[in-house]
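Next, two complexes with chain A in common: one pairs it with chain B, the other with chain C.
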Partner chain A sequence: MRTGRTLLRLPGGIVLSDHFVLVLTVVYFLLIWSIYPHMAARRNIANLFSNVWPLLALVIGQMFVLIVGGIDLSQTSIMAVTSVLGAMIMAGRFDPAKFEHNPLWGVVFSEQGGLLAGSGWAVPVAIMLMLAVGVGIGFVTGLAVAKLKMPPFMVTLVAMSFFSGLAIYLTRSENIMHLPESFIAVGKGSIGPVPSAMLIVVTLAALAFVILNLSILGRWLYAVGQNIRTACVSGVPTGRVVILAYVFSGFCAGLGSILYSARLEAGRPTLGRNLLLDVIGAAVIGGISLYGGKGRVLAAVYGVLFFVVLDNSLNKMPLEFYSIDIIKGGIILLAALLDALRTRIASRQTVPEGIS
Partner chain B sequence: MIEWEIEFDGIGKSFFGARALNEVTFSVGKGKTLGLIGENGAGKSTLMNILGGVFPPDEGTVRLFGKEYNPSCPADAARAGIAFIHQELNLFTNLSVADNLFIDGFPKIGSSPFIDKRRLHKLAAELLSSVNLHVPAATPVEMLTPGERQLVEIARALSRDAQIIIFDEPTTSLTAVETKHPFEIIEKLHAQGRTIIYISHTLEDVLRVSDTIAVLRDGCLVSTGYSRRYSVERMISDMVGRRIEQMYPARNAGPGTASVLQVEGVTQPGIVRDISFELHEKEVLGVFGLMGSGRSELARIIFGLDSCQTGRIRIWGKDVTGSSPDASIRNGLAFVTENRRQEGLLMEAAVSENLDLPSLRKFAGLGPARIIDRRKSLEFANRIAETLKIKSGPVRIQKVKNLSGGNQQKVVIGKWLLTGSAVLILDEPTRGIDVGAKYEVYGTINKLAEEGTAILYISSELEELTGMCDRILVMSNGEIRAEFERRNFDKQKILEAAFSCEVLAGGGRAGHSGLGDNSGN
Partner chain C sequence: MGNAKRFILAVLLVSVLFTNGGCSRKDTKSDQLTICFAFQDLETEYWVAAHKAITETLKAKNIRVLQRNAHQDANRQLEQVRDAIAQDVDGIIMIPQDGQSAVTIIGEANKAGIPIGVFNRPPADRSNPALVVVADNTAIAEDAVAYMAKAARRLNRKITPLILVGDLGDQNSIERKNGFYNAVNANPDLFKKPIEVPTKWDAVTTLANLEAALQVEPGVDFIFTSSDFLYPQIKAVLEPLGKWKPIGDAGHVILGGLDGDSTAYKLMREGYVDATGVQDLFFEADAIMKALIEAIEKDRTKPDKWIQDPGFALTQENMAERQMDMWGCRILKEAEAGTTK
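Right after this comes the complex of A and B.
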């Protein structure tokens, strides 16, 4: 107890503040900047932020599921499968050398492009399809969790295996190139000085904020995550709320897929393969509890910032490619440790029970 | 010359400026049983936490056997021979009784790391028979009733040869009629010369088991002395600082004639059989039964938390059988469940977030967004907190987990005050709360009934039911055995009805949701 108090006094409450992760990120950024001055170069900053938006879309979706006490491991596989499906509709040309032996050759796509290649409808339909597939997969996993009472970890792990496998099966592991310019612009273009990806994801974040902080659904999400039995007795339609969380996560995964595919200018069956740790890591470091009931949009933003800055700095360092994941893992562990310490200090602040 | 076992000398403790204990001085004689009573928040838990090594006192000293005692952690207390039998049972329900008893020191085969199963079960069986619990040592704890679990906890204390045993609210999870059993054990422990501190809100129990009594109020010792100098009335007036003239306040209106809730032939195999009754406007209808009699399960079926195979449930004549809890609330039902921590409250959330949860729709605007009018909902939460005299910090910030039990219970009741319910189902509404808070809860129930609410009042405290109800149904083995009108209330007959057919039922252990761990969620 005594050590807790002195620790509290020292940094002026920063340690316990909601903005702790942001402070941590800034401190880390400054530290790296002092060693690698080009960290703060304009181009690098722009690059850094362009990495923030798609990841943030995923983390916001993941957050909804974490709030209801679940976890969505299927997000990255949703990205892969929607990336491939979208490209199959809108790609302008398919390389016969790569796709001739695909079972869908001549059915869905051919050398002349995807199903709607060249049509003005190609891009909007592909985008709608990508989002709809994300929502659909989210609905199915949500249904399995809420109605069949299957453990979320298992359901979404299986979904991950199934859909990432499906994405590879559909393309025989080939990237689909030649996406329309107007689609690529969604991820890379900008409206005036504002990148369109930023516009899209900030809108998503605002929507998530309104849902979580102002609407009935938000209160229901937190209630379900804090104590599903109390929520049920209090008239919260718990099944519907849980399904909606997974649906939203699937939607966000679809959106993330659009942004990543556009940036890579390809429908990629392995899209997001190494992203799962980033998504869940960013959520947890931001302060979103894996035990449910906790999570704010701002926390997601901070967690993503931390991850993107970390990733960016590691790329700047003269590290062997093979060692990057080890170092990254170490730093995430350290951050998580710091957060655990912080929570312990915070919990000592509360008055024990029975003293009112 | 009395030999003192535990001496508290000028104990003081503050939490963040709030005085929890102030100059508390008293002693417990060796081999004696002390009854420690006080309202929630009076400082009982703080004092016991100091004794248990959870935290040190700010002022004063504790002496054990005349020697100064400064535990730095709970393990020190255990080594000093102090054992706690907690209100919230601390057992691993998935493990066997024997595993639970020896979890911190399994008998080994020689010096190997392997457990000597045979010796484990032999030692466990000895301990179990010493507390009169006759179940195989390999039984998983989850199969035991709450009463039996308590005996396992006591056996565990004995396994460590604890000389000082503290019972913290030991009977709260037990039905009044079942409490007889642990008393025999306490008498036995007493006869073996062990020192006991017995904390309970059931004052009759405290009087029955204690040699001396100590009363705390607002962190101060109000009185202490031989228990023969105390009566329940004196204990109450010492605890609350004033006299409560009548434990059960009078209601100003009798039951109406309009039938609000009709239950017809509700049957769920193994749980309840052919339950039929009517509940009228302004009526308080009691349901009495032992654990496992189906009283709580019946409430869960009516509210839609569990299903029933046959039978009809109607509210104002409308068939609502098989509704979800969500629909039940809209049909005018409200349910105060027996476990406020597990099913009544969001412990980590603020008071206001608990109060407005069932009626959120009332504060929401139209349209798909359903934005909540937070000012309106906060206004409502404040009004409820005021009406029910919930002692709390600002309701928007104050977390429910830091409220006392009585105030928590008021929050559970308060959250149903705006849903416009025609029927309020109360399952053990005063369990584990102190006398003053009980009185206030009774007053609230009466007020609701006067205003027209029909109330279904489930309780295992017969005293409470005869004091509050217009009519009492007695359940046993899943069936309604008897019905008593207020003018015919006879405790002896009610108890007989509750015990009827218990022989056939074989203990009534099946399907009980007392700790809520096997109810369908």
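Right after this comes the complex of A and C.
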């Protein structure tokens, strides 16, 4: 009798659960699978997850900034600038017809390749440089937000514009090909049966989980996002916490850049140009609050899964290209509405309990 | 009551899942061919017309077409093509974002053993086999600019030429620039040093950069646009300067471009544009579809063939005879005929 009652309550319980987005994704996946059998084919599942990893790296970084009540619009420009800088160091050769008028021709790269082309150090140094530049840009934007008290939206918007322009200036709009195979393997290869991108991003997610759930920094991040004044009065070094959030976001953007550049086999000055909506959209769908103080690694995973499954499923349907965009927008809106609705219901249910 | 509703909803959902899933979760390959048409965007009349020609022809042949718009994002296009491959499509036609990403995406199709055709924008190198149809951009641009040079010579003075350069990540853009320089360098006594204005194939960038260039060098009297879709921006810059004049008027800026769209045709008819290089859109669309369908029928998974569209330059001199070979003219005439019906 008791079990029956629990079963009857199950749908409502799921809607209010923290795992609602995951349930939604699974139900949606099953529905699409029932119509398009290819959805669960091995190759499609592999595709689906290969799309999850780089996006998840970006969303995890964005989540740290959202938790402290900020937003990082510069992530995609960090990807662009780090992508071309890394490629300039390690590319095996450059086409003179495209690059000889570049101001860095003969200084950083030449027809024979980048500074470290052919050296065993090329790939590790390029990767370190890409991450370091991401961290550096994150530090500068974090500093502007925390110390100069500039609005995060404005600071990161300006950074986005500046670094996107810089990436194009550095390459004169040219993509840099001929990246070393060992670099491409970072995004496309695997260690045994496990894709290397998965290993990297799962490690990143674990690190993010430890920071948010098991460290004092995690508590500080949430405290700053919930109420920065209270956090300050309580002795939280709010400035440093905010800067660290942006630094982590920059690091994740650098990592995303490595994964995307490797899978596209090129340093691209326009890398990630259209990705920002996916990053912030996935974060919000996952349940990470734009108002700060709320966000979990699992929420980021769920949001990204939902986004990627949705995209993948729409690619299965014989729809006109414009209707795909309309349907995608509609489903995201519906998911966001459902999320808002369940948050409202959950708050109504918990408030009386809290009062009593 | 609430619980009962929830229960009914849950039962409905589960039954929908299992009834559909039970009868269709089986890989059945129908006789109907499926082709994925992955394009980078439809920002110019050329791409819109090509999209229409390809999708309508394929559908008329009873071929299922999966259309995928990458919105100018190379990574998205890669994901879309991978998804199509996972869906076991029979073939892929792609208008790539750029030549570099085309190489990577062709590699994915090669690995999966699915024939792929690249329309109009060629891969950066031939390391991965594909069917490619592409216009001879260098020759077409050179012919159009050579005619413009002939018109310029009648002015009996040194000319300052300007070229609106496309995105240099696009091989077509590089070849059009080469064609322009071939014709300009063939007339060293006629031309001063050319001015290059980058456009990145973007109307707003073109407007800003062209305005800036004409402020620095107001004496420009010869403009070649690497794509016809930028004529409205050229007009917007020249008109306020009093330089938007038809052929024969004092102060006419010698104008030419490449593509062969309806705007270029109208401007030639009105006498503003001297020459335009024409790609044979219908030939290109037809050639790539025929080649791909043949490859599918003959089970050739990695067909490797480059088909060249020779194109031609439509000039004020040959307009009367050749205008109907220009796809923009045909589209315009069809539209005009449709309106008058």
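What we mean here is this: the second predicted complex is superposed on the first by the 334 of 356 C-alpha atoms of A that agree within 3 Å, B and C clash if a C-alpha of one lies under 4 Å from a C-alpha of the other, contacts with A are read in each partner's own complex, and residues count from 1 in each chain.
Heads up, the rule we're going with is that a residue touches a chain if its C-beta (ideal position, glycine included) is under 8 Å from a C-beta of that chain, and two chains touch if they have at least 3 such contacts.
Fair warning: this is a prediction, and the values are worked out from it, not measured in the lab.
Peer 1: Give one of first, second, both or neither to describe whether A:Leu264 is in contact with chain B, with chain C, with both, or with none.
Peer 2: second
Peer 1: Tell me the contact category for A:Ala41 with respect to chain B and chain C: first, second, both or neither.
Peer 2: In the superposition, A:Ala41 contacts chain C only.
Peer 1: For A:Ser110, decide between first (touching chain B), second (touching chain C), both and neither.
Peer 2: It touches nothing on chain B or chain C.
Peer 1: Going by the contact rule set out at the top, does A:Ser119 touch chain B (first), chain C (second), both, or neither?
Peer 2: In the superposition, A:Ser119 touches no partner, neither chain B nor chain C.
Peer 1: Of the two partner chains, chain B (first) and chain C (second), which one does A:Gly235 touch, if any: first, second, both, or neither?
Peer 2: Only chain B; A:Gly235 stays clear of chain C.
Peer 1: Quick check for you: in the superposed arrangement, does A:Lys316 touch first (chain B), second (chain C), both or neither?
Peer 2: Once the two structures are laid over each other on A, A:Lys316 reaches chain C alone.
Peer 1: Tell me which partner A:Ala97 touches in the superposition: chain B (first), chain C (second), both or neither.
Peer 2: second
Peer 1: In the superposed model, does chain B or chain C contact more residues of chain A?
Peer 2: Touching more residues of chain A than the other partner does is C.
Peer 1: From the superposed pair, tell me which chain A residues show up as contacts to chain B and also as contacts to chain C.
Peer 2: The overlap between the chain B and chain C interfaces on chain A is empty, containing no residue.
Peer 1: Given the complex with chain A, which residues does chain C contribute to the contact?
Peer 2: 3-4, 6-7, 9-10, 13, 16-17, 20-21, 24-27, 39, 64-69, 71-76, 78-80, 82-88, 98, 100-101, 103-104, 124, 167-169, 174, 198, 200
Peer 1: If you look only at chain A, which of its residues touch chain B in the complex?
Peer 2: By the definition above, chain A touches chain B via 1, 210, 214-217, 219-220, 222-223, 226-237, 293, 350-356.
Peer 1: In their shared complex, at which residues does chain A touch chain C?
Peer 2: Touching chain C: residues 5, 8-12, 27, 30-31, 33-38, 40-41, 43-44, 47, 50-51, 97-98, 172-175, 177, 260, 263-266, 268, 270-275, 311-312, 315-316, 318-322, 324-325 of chain A.
Peer 1: If you look only at chain B, which of its residues touch chain A in the complex?
Peer 2: Chain B reaches chain A through residues 15-16, 18, 20, 40-41, 44-46, 49, 55, 303, 305, 324-326, 328-330, 335, 337, 342-349, 353, 357-358, 360-361, 364, 369-372, 374, 391-392, 399, 401-404, 407, 415, 419, 516, 521.
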